[in-house]
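Alright, structures below, take your time with them.
The two complexes that follow have chain A in common; it is paired with chain B in the first and with chain C in the second.
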Partner chain A sequence: MTRAVAGVRGERDRIYLPYLLPALLIYTVLFVAPAVVTIWYSFTDWAGLGTEPRYTGLANYRRMLTDTVFLTAFRNTLILVVIGGALVFGLTFLSMVVLREMRGRAFVRSMLFVPSILSPIAIGTAIGFLLNPDGALNRLLRDAGLRSLARPWLGPDLIFKCIIAALVWIATGFYVAIMMSRVDAIPEELYETARLAGANRLEQFRHITFPLSRDALATGAVLWVIGAVKTFEIVIAFTGTAGTPPIQARSAAVQQYLSVTGGVSGTPQLGSAAAIGVVMFLLTAVLVVALRRLLRSEAVEL
Partner chain B sequence: MKQTADEARATAAAPDTAARSARVRPAPGRRSIDRLDAVLGGAVRAMLWLWVAMLVILTVWVVITSLKTNREVFTDPFGLPKSPQWRNYSVAWSVSGFGQAAFSSVAVVAAAAGLTMVLATPASYVLARVDRRSASRVTTYFAVGMGIPAQALVVPFFLMANDLSTFMTEWVTGWWDDRISLVLIYVILSLPFTVYLLTIYFRSLPTEIEEAAAVDGAGPTRTFLAVMVPLARHGLTTALVLNIVALWNETLFVLIVVGDPGQRTLPATLLELYNTMQYTSNWGGLFAGIVILVMPMILLYLWAGRRIVQAMTQGALK
Partner chain C sequence: MQGSIRTRTASAVIAVAVITALLVGACGTKEKGGSKNAAHKTISYWSSWRVGEPQQKIFADAIAAYQQSSGVTVDVRWLGRDYPNAVKNAGAVGKAPDVYDSASDHISDFRTHGLVADLSGMTATAVPNESAKIGDVLPASVQKASSDDAGLAMIPYTLISSGIWYDAATHPEWADSPPATFDDLLASAQKIKAAGRPPFAQDGTVNGYNAYWIYWLLMRYGGPGTLAALGKSPDGWEAPAVLSAAKDVERLVKAGVFEPDYMATKYPAAQNQWAGRQEDLIINGTWLSSETAPQQASGFQARMFQFPAVTGGKNSVEVGALGWSVNPKSPNLDAAKSFLAFLMKKEYMGRISSEALNISSRSDVPAPSILLSAQKAIIGATSVQVTDDGASNLYSGWWNDVFLPLDDQLFSGKITAEEFVSTGKSKTAAYH
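Take a look at the complex of A and B:
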């Protein structure tokens, strides 16, 4: 038997490279290498196909620091990540307080998850229609005698707030699922003991649920950052791609899309598009490392 | 379940209440904390049910709107249609291009998800089983890719798709379909997550069965194909379903890589129709398009919902 087992190991060693190399080569040549090449493009001024990239050093990055359009796009992305994240996890914590023992909890959990597997374009189109100036929401408000509450929801002042709200509404179910799958693993005895000691739900959350699901929180927060930095679909679903989305509503990813396709001016700016990609990567990396530091905790053995 | 925390505690602590209340007096402020707890619990429960209700109402409203005439969509946004306009679906399907787009979506997603599995499964198997230091390093190397936003790849992929199209048209085949480029891009983007997820899954499988297969004289390739792949089918299906969900909804690279609107997938086609609404005002058709885009995912969720949730959450937690 041991010889057979050793044989298995030896034979498995022989298939190591042939099994691994196709995926490894494709990943290295077509994922990692292009990501590195993006850094080089970001140092150039490039009007797109048929023209030559011209090395301009840090010009694209300097422009990003002064151009209000870029600054707004990045500020919006940061707001989405930070404020949106606070709302998502705030709602998630609130749900965790009651979802452990609420009636119909399995149904509620599975329903809340649904928006995270649906196309944000589809959800955004439907909600966008409701929020139109003459759309259903304003009409409903007027009919209910609440005319003063009717607003141009998709106007420059409110559109980005509506986008954040929609994103939070879409995404939270996923984070509830992540956190609750960890909470499910907490032994019931802990809660019984706590109840016997007179702890109410809030105290149970503070002393049991929260500390014992901190590692899931760390993972969930990292996933949120990785996803929220890329926010693209929900914005263009609200604004459409005909013409260009209003500056107030643009995220960094939308600004990059406009730079690649040319946007209004019709001239692509591949150099600045690449620079936006690099900054988005750096933003993700910095936030992920910071979150890891902030939420680092010793794993609690259950 | 409607009982408050106070009642719950009272029941749980009933046997020794007398003994305790004699000695322990509730701390000051205790009552107000408990009241806050009860109020908060009720409010959060109400919020959760409202949330679910919004979801159901929005879904039902979209389906109903998809069966209305243009007039009804505006004059009576929350009413029922006089007679359901099934025509909206046939118009969306054949005139607005959702039929073609559905074909593109199915073909692109099937090819990309399938090819990803073919590449990732053998790689993950050896990464999980071969006892070399490089194996764990390569696994980490793949995991790094999950943290790189696709936006860091937009410019090179845009250029590569263009070059590939020009090269094939001028030198090799005489034609090119941008959807093939899209499939390749999807495979590349799906690899890191799929390899990572499957490596974890293969590690969780027992080794005895492979060893028994080897004792029976099966070579490593046969052991992999005839023993390990069937044994891992649960994890493989999960990875496949997750990739299908992600790729079905992908929009950015369709818009960037596929030039011909007639070749684009469903989300891009819906967006395109939405953009032309002010000229065509085919609102019923727009909502029919939403249903066509969303329905397959809802059916998939009804079929494999628990598995999707489990994979998306536990894959994340490991």
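Take a look at the complex of A and C:
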């Protein structure tokens, strides 16, 4: 009997194979092979197609460990992932408490989502208008008698904080949309029962909303990590492309971009760009695995 | 049944392979040139200009005329500013165009990719229907800016320089006698400041623009090569010129001659403010007037003067060039060169000045009045350097990760000149 099952299973597995093959082949050619090649290039010094890569072993990686510019970019990326993430999900939870019963919540949700669909180029233009030393924000502060609060927002000292704020502003609506679609599926009776038992909104969130949307949170958090590690265009929107972003504002992806392009007029350093890519991939993988473990829970059947 | 699945799988595999091959093939570029029919040659030209830009119109007219007179077909692609990657990638698979646009700050990158033919011999080529040879109409300074150690890397058509811009309607006195020394410049700035206006506009979020100051002061104190030496090795930082230049940047910053919070001003706000007469001066490239044209106040007369001298210093002129390079592996080298000689005709180079409003590379074509002084300086130059002394191009990683961030610290007043030199030296040592 067991053997028979095994036989059938073996046959079934063999039938899968030909169906799987085309997809596997495309995936291998278009993804696995370039990824392997990238790893190989991360061990070289290479100026791009048409030049010979020179094998340099671990030099690109060793360099990253001592290069204060890369380490700053890497630290900035971690700050974006962790602090940015805490702010995004903090605001998302707050929305989950407030928006569930709010009037006009569909409208508010749509409004929150709008920043996610704006083009970074439009945002970049608006930033100059808003945050320049004599931009709209500082003028508003001065007119309101709050001159002391006016700041050089885009100067090297503040620009990264402004970038975090913008990233949170852009991303929150997206995660609110994901989480609220889960919250909407929670039966109203649970909240009614809770209210009858005397639970306030926060308690309802803690005992009903949060546990019942944990699986969506796990998905959202993973999406956030993957997106935040790659943070790129918002930095460019803030700093523009006429120069190179100040070190204080660089993320790992921006540093990789500078290596790929050589800056405004330079020779590409694709070997170190590949190494940065590998490190970013590893960072994402480690964080995603850690998050999955942290947020692992049995999906609650309703 | 299984057999039929296998057959289908095989077909699917073949189909995928064929599609992949087609896709990969489509990514490449069509092989051009090498036509066996000598009577009808085709050369390919990839341009940095987009359809509709003044330069594109000029070159398109030249191409049409060249095709008619020579019988050679020019297969042109107007690729826009991202063309270097297209050229390099095509070069990697042996399909680079015969002729492509280059610039003095791109020569070393194209050279690394083996895409630069030596055009030194072309200086002896006559411009079609003219008595002049190409070498006669290109000033020595311009030829130098278009060359590297391996020879003339491109035939230039437009010149770029940088200096200090002002509005001649507000400051007519500078048209004939601009500030002669850096001290004079600072004194003029102080005078404007005393009158209640910030003298200088600076888009401080563009680190490359901030670096104009240290770059020019390094050229003035140490001459061409002083800045490039900083990127080459830590020893370059020991030249006394470096500290002198840094001290003058420090003096400039301490004088408070820029608009408030200049380090937080996002491009192009400051240059537009200058065009609106909020500030009187700005350091920038020769393109600034055309870039700010729509923002210029009525009656505004943008003019540029050379960066002033320093006592006992050097007087070089910046010469950057846009030009055409030839692929050394081109099967149509002769046709490519004859095409370039044709493009150098006064008819087309004149339009670079009159229509594109740029400085033409030909010394016998007067620049637009706005840039006349820059052209005069270039033609009369005895010593020249390329933009950024070539450092941004030769040592781009160092430039972006070490020099520009450090200069921003000096330029924002966070570090002293002495700290700039000592940190620069140690960071350059760590970088290499």
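Assume the second predicted complex is superposed on the first by the 269 of 302 C-alpha atoms of A that agree within 3 Å, B and C clash if a C-alpha of one lies under 4 Å from a C-alpha of the other, contacts with A are read in each partner's own complex, and residues count from 1 in each chain.
As a working rule, a contact is a pair of C-beta atoms (placed from the backbone, for glycine too) under 8 Å apart; a residue touches a chain by one contact, two chains touch by 3 or more.
A quick note: this is a predicted structure, and the numbers were derived from the prediction, not measured.
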Which of chain B and chain C A:232 touches, first, second, both or neither: first
Which of chain B and chain C A:171 touches, first, second, both or neither: neither
First, second, both or neither for A:49, with chain B first and chain C second: both
Touching partner for A:266 - first (chain B), second (chain C), both, neither: second
Chain B versus chain C as contact partner of A:88, first or second or both or neither: neither
Residue contacts with chain A in the superposition, chain B compared against chain C: B
First (chain B), second (chain C), both or neither touched by A:247: second
Chain B versus chain C as contact partner of A:69, first or second or both or neither: second
Partner chain in contact with A:152 - chain B first, chain C second, else both or neither: second
Partner chain in contact with A:291 - chain B first, chain C second, else both or neither: neither
Residues on chain A lying within both footprints (that of chain B and that of chain C): 15, 22, 26, 49, 127-128, 134, 240, 242
Contact set on chain B toward chain A in their complex: 1-2, 5-6, 8-9, 12-13, 33-34, 36-37, 40-41, 44-45, 47-49, 51-52, 54-56, 58, 61-62, 74, 77-78, 119-120, 122-123, 125-127, 129-132, 135, 138, 142, 145-160, 162, 184, 187-189, 191-192, 195, 210-211, 214-215, 219-221, 223-224, 245, 248-249, 251-252, 255-256, 266-267, 270-271, 274-276, 283, 286-287, 290, 293-294, 297-298, 300-301, 305-306, 308-310, 312-314, 316-317
For the chain C and chain A complex, residues of the former touching the latter: 2, 5-6, 8-9, 12-13, 15-16, 20, 88-89, 91-93, 103, 105-106, 108-109, 112-115, 203-209, 259-269, 392-393, 396-397, 399-402, 404-405, 408, 412, 430
Of all residues in chain A, those that touch chain B in their complex: 1, 4-5, 7-9, 11-16, 19-20, 22-24, 26-27, 30-32, 34-35, 37-38, 41, 49, 94-95, 97-99, 101-103, 107-122, 125-129, 134-136, 139-140, 169, 174, 177-178, 181-182, 192, 195-196, 198, 200-203, 215-216, 219-220, 223, 226, 229-230, 232-233, 236-237, 240-242, 252-253, 256-257, 260-261, 270, 273-274, 276-278, 280-281, 284-285, 288
In the complex with chain C, residue positions of chain A that touch it: 15, 18, 21-22, 25-26, 29, 47-51, 66-67, 69, 127-128, 131-134, 152-156, 158-159, 239-240, 242-244, 246-247, 258-259, 262-269, 272
